[in-house]
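Next come two complexes, and both contain subunit A; in the first it sits with subunit B, in the second with subunit C.
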Partner chain A sequence: MKKITILTLIFLPLACPGELFLEITKGSEDPFKVAIISFEGSASVSKKLNEVIRNDLNRTGEFDLLDASLLLPLIVEENEINYGDWNLLGMDYLVTGNIINMKNSTDVNYEIYDIQKKKKIRSSKVFGLPNQLRQLAHYTSDGIYESISGIKGIASTKLLYVIDVHSKNLNTRYRLMLADSDGANEQTLLSSSEPIISPSWSPDGKKVAYVSFETGLAKVYIQNIATGKRDSVLSKNTQISSPSWSPDGKYLSLTLYQDGNAEIYILRLRDQTLTRMTNQFAIDTESTWSPKGNKILFTSGRSGSPQIYELDLRRLNARAKRLSFEGSYNAKASYLPNEEGIIFVHRSNDGLFHIALKYKKENFLRILTEAKMDESPSVAPNGNMVIYGITEGDQSMLAGFSLSGASFKLPASQGEVREPAWSNFLR
Partner chain B sequence: MKNSLNIAFASTALIIFTACSSLQVTEESISNQSVAGVTVSSKSSVAQAVLANAVVYFEYDKFTLTSQSIQALKGVVTLMQKNPKLTLSLEGHADERGTREYNLALGQRRSESVASYLVSNGINRSQLSVKSFGEERPLSLGSNDSAWSKNRRVEIK
Partner chain C sequence: MTANLRYLNASFFSFCFHALIFLYIYGTFDTNNSQSLLISKPLMVQLRFESEIQAAQKKIRPVNKPPDTQSFQQQERKTNSSESTESVIPVIEEPMLYSNLADLLEQEESVILSEQDEKIFFYSQKIIQTIEDAWMKPRNIPEGLVANLRLNIQPTGRISRVDLLKSSGNIRFDNSALQAVRRVETLNFFNEIPSGLYKKEFTKIAVSFKPS
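For the complex of A and B:
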């Protein structure tokens, strides 16, 4: 009945220079066993779609996918499914689907079957432009992830990060990059001859704030992703850094240096009202908002070494509460989305830096990474994954882990990659 | 005609699926976000006839001046006294260990330490521009004690 005509040729480059390459290093111990039958449709499109979906699910570490080569690209009708056979293969779930290419759009339809319960649990359609195949795959894997794990997927979220490219004449070029959560579809937001640090997403994913040294002084800029329009935040002749967007998008917390020392301020974007939040002889910086927007975390040197503090914004003149007590260096903290814990950089007794997690209910911290100079952790919006910067040999790159124990790396083909920032949910 | 067919199909589907409460049915379109890249070029700094060109170094995690640093700064004070219109840029730096923002703040404390010493020795604060580059502009690229000690510095220009 359906007439499938492929009118649009989708160009799939074999390798994109500069892109990050996903490398899955470890999975979790009790994964969901899932068979995904290659989605019916044009061979090359189907292959690509399947590849992206499988990578997305593997990266979570929560899935054990049946080897695709064992499965024929069969057309599976619901009444033909032999649940007993899939059960014998040890499968928990079966996913089937098709891709329909039209002149100006591509549709992906997919179904998820629960093998134990012997029934269909999801029937979905995702559609987009023919050149959005990767996005279609990410939306599809998020749907699969959600139905099976019960948690919102993050394959369709995006990453910001900075690349330093050292060229032969020793002039370093700094680039603020935007990419899909798997490192693909990399695009340059800003290219500069001076350093760029601390990228931060607006909660709606439409703008970014970051620190650029292009004037010779650290300044915070807000840039619209779609238009490229950018503005310097505050016209003060002082260093400004460490921007963080409030969850409602109305405020930006910042570090200002006008008092001769790093102090935290909150800027109301609507009318540029500045409110000073800290007043200390010591360094106060690296503020981030709680998911509900009523507290901020920050790093302060007030105890003699950098430690993490929390400030309640609902109370006037509230005293900052110290949250970290182990070791002499704890910094750059952010909340888990459920606010049950914080993720931060911790220096161990051996002088090495690791990413650590501290649950509020526990009086000890958990060290989650094991390289030497692990930095800049950023938590995925579903709270299940953390992306951070590592250095291997002389090369810095992005790595990630899930709180269930899986890990992955995103090695870059060129440049030093650092300062990742995970977007909010974008769908 | 195609559209009306689709709607008919969709509503039929909805009826079937609502009868089966545990089945999730969704339809969504991909959001299409365009991206515009920007290139910025930095302004070159104004050249001064007289340059201080002194560098003072710091201990790990510290911003206090060492006796060696104070010796170097005495020369800067003399230069400033001879050239009262000279303005100086004090650029603080940190080694790569620790977080970038904390290092930016640490570099600032280091250049503030130098500024305080100069002011206490009669230099006008308005002649000093205090800034930090944190760990972003290392002098030495290695990841070892020797490189780190060269990078924990304030450059006086």
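For the complex of A and C:
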């Protein structure tokens, strides 16, 4: 497939071939009932914008949107709103808005009304360049989501993932991809004939780190998204893998194989100082940082099977604390943003791999997914959604779920999609 | 020096002012908090209470003659010993029953004392039942969360205002509690409540959401 640039994509409809497409498979138990009156504006932009906003809100699983076909697209004035009628329809909130399309900018104005309190709870304006319509829609839906649920929206965040494209002459291409959180606006950051693994976001969302085998050895690279400029991290003649950025962006935790087995190191990016964090005969790898940056999680085989450990970085010579005790395989852990729990891959007694959640205060884990081979979960910055890799038949693709019970799939049009990484908030 | 003093004063006033704002937001001046006793006893636990109160009532009624503290204590001891010999199986539940016995006696006394209190108890149970029916506990939340709400209720039973007195720390949990109250909207049995009683007890109530 030809490389598609962003610019051409912007003008294509939502589910154009080659793009990831969303499927809502389940709603949460007690959604907010919201009526969105289609935003009025010039036909060229309003259809697309309304569609993206509705899809974003549906995907959260926490909203039950009134069927748009039931609503007349009329501009409702504040003093004309008949709260009693909306209440009879069972609505909790009403959203109205309009789009003003000017030559150099597109403005979206929207209002949110609380039906029961009978008042306006938000009046906002989002503006941007006319060719950033999707982004505008994402910002709008994030605003609606946040003012109703109290949780920051993640529609305007981005995803990284890797696609393995198998062609007929058996040469596999590996692509590092960047896309909107709904799978749209796919963009290739790197294409290589050798495997790419473990993509990781810098906290400011401007750079990515990943492992590439292009030199024959596993090496970590940092690439600037905007400029495409990339540099190899550490010029050591050893395998380096699983990079993870500290929340302040100053450090990178890595796995190095120079000591005979995999050990975790922390690299200060400013002067390339390496500090060894683990010293074990067993494998230690897959480190991730706590949101405050004072701890790291990692997977270690020191107990005889892969289990999750936590290391406190503030204490000198601190002993790693084991966090997972259930079953014989727990790996690829990351923290929820408020650090109240961890999300990881767990192999259950029937031998299947699931995504699991364990709260710090609880001594049991909660299995959150049902497929057979779920892998590499990545938590959205609002802590409410997780994206992960699944295998259906012989096709691997991305799927996501919210902790409140909604789930969706991002089926790939081509290739094997794996190892998603969710960005931070990008504003 | 004078300038420094002025800064000092200014910062002191600023501190006081901000402290006041903070305390206000925190709810220190909110006198209604104390009233939360009425229904803010954990929803589920209170339901369990009911049967226990009835059990306690049955036991105590025949010996309800003298308000003599000594005999009362003896009585209590008697029930203790008699129960511990009687029941062998529910060993775990017993400590809870005993530790609550004093409270239960007190509560029970007040229930008997006046018909009004009985009514309060009755309507409180009804409110709890209605809200419990409307509440859907969100999935995948940690155990042990508690959220307290205060409801302002109009004489018609319409809930005119909901405030979050104490957040559980989990937004989804808080939302589910607020959403439950939202779904209830109107407590339709409020017209049965005598207006005097309503004014005294049911204009503002606090509810605690605490899944067991």
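Assume the second predicted complex is superposed on the first by the 411 of 427 C-alpha atoms of A that agree within 3 Å, B and C clash if a C-alpha of one lies under 4 Å from a C-alpha of the other, contacts with A are read in each partner's own complex, and residues count from 1 in each chain.
Note that in this section contacts are C-beta pairs under 8 Å (C-beta built on N, C-alpha and C of every residue); 3 or more make two chains touch, one makes a residue touch a chain.
These numbers come from a predicted model, not from an experiment.
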Taking subunit A as the common reference, can subunit B and subunit C both be placed on it without clashing, or not? Answer clash or fit. fit
Would you sort A:Asp30 into first (subunit B), second (subunit C), both or neither based on which partner it touches? second
Contacts of A:Gly128 with subunit B and subunit C, given as first, second, both or neither: first
Quick check for you: in the superposed arrangement, does A:Leu368 touch first (subunit B), second (subunit C), both or neither? second
Which holds for A:Ser242: it touches subunit B only (first), subunit C only (second), both, or neither? first
Would you sort A:Leu160 into first (subunit B), second (subunit C), both or neither based on which partner it touches? neither
A:Thr285 in the overlay: touching subunit B, subunit C, both, or neither? Say first, second, both or neither. first
More residues of subunit A are touched by which chain, subunit B or subunit C? B
Once the two structures are overlaid on A, work out the angle subunit B-subunit A-subunit C from the Cα centres, in steps of 10 degrees. 130
Between subunit B (first) and subunit C (second), which, if any, makes contact with A:Ile222: first, second, both or neither? neither
How far apart, in whole Å, are the nearest Cα atoms of subunit B and subunit C in the superposition? 13
The shared contact residues of subunit A with subunit B and subunit C are none
So in the complex, the part of subunit C that touches subunit A is made up of which residues? 136, 138-144, 170-172, 174-176, 179, 182, 185
Spell out the part of subunit A that touches subunit B in their complex, as residue ranges. 119-129, 132, 135-136, 139, 143, 147, 178, 187-195, 197-198, 205-206, 211-218, 223-228, 230, 239, 241-242, 255, 257, 260-262, 283, 285-286, 299, 301, 305-306, 329, 331-332, 345, 347, 351, 353, 373, 375-376, 391, 394, 419, 426-427
Going by the contact rule set out above, which residues of subunit B touch subunit A in the complex? 13, 17, 20, 22-43, 45, 61, 96-102, 104-106, 108-109, 112, 130-134, 136-137, 143
Which part of subunit A faces subunit C closely enough to touch in the complex? 28-30, 32, 92, 116, 149-151, 340-341, 357, 359, 361-362, 366, 368, 384, 403-405
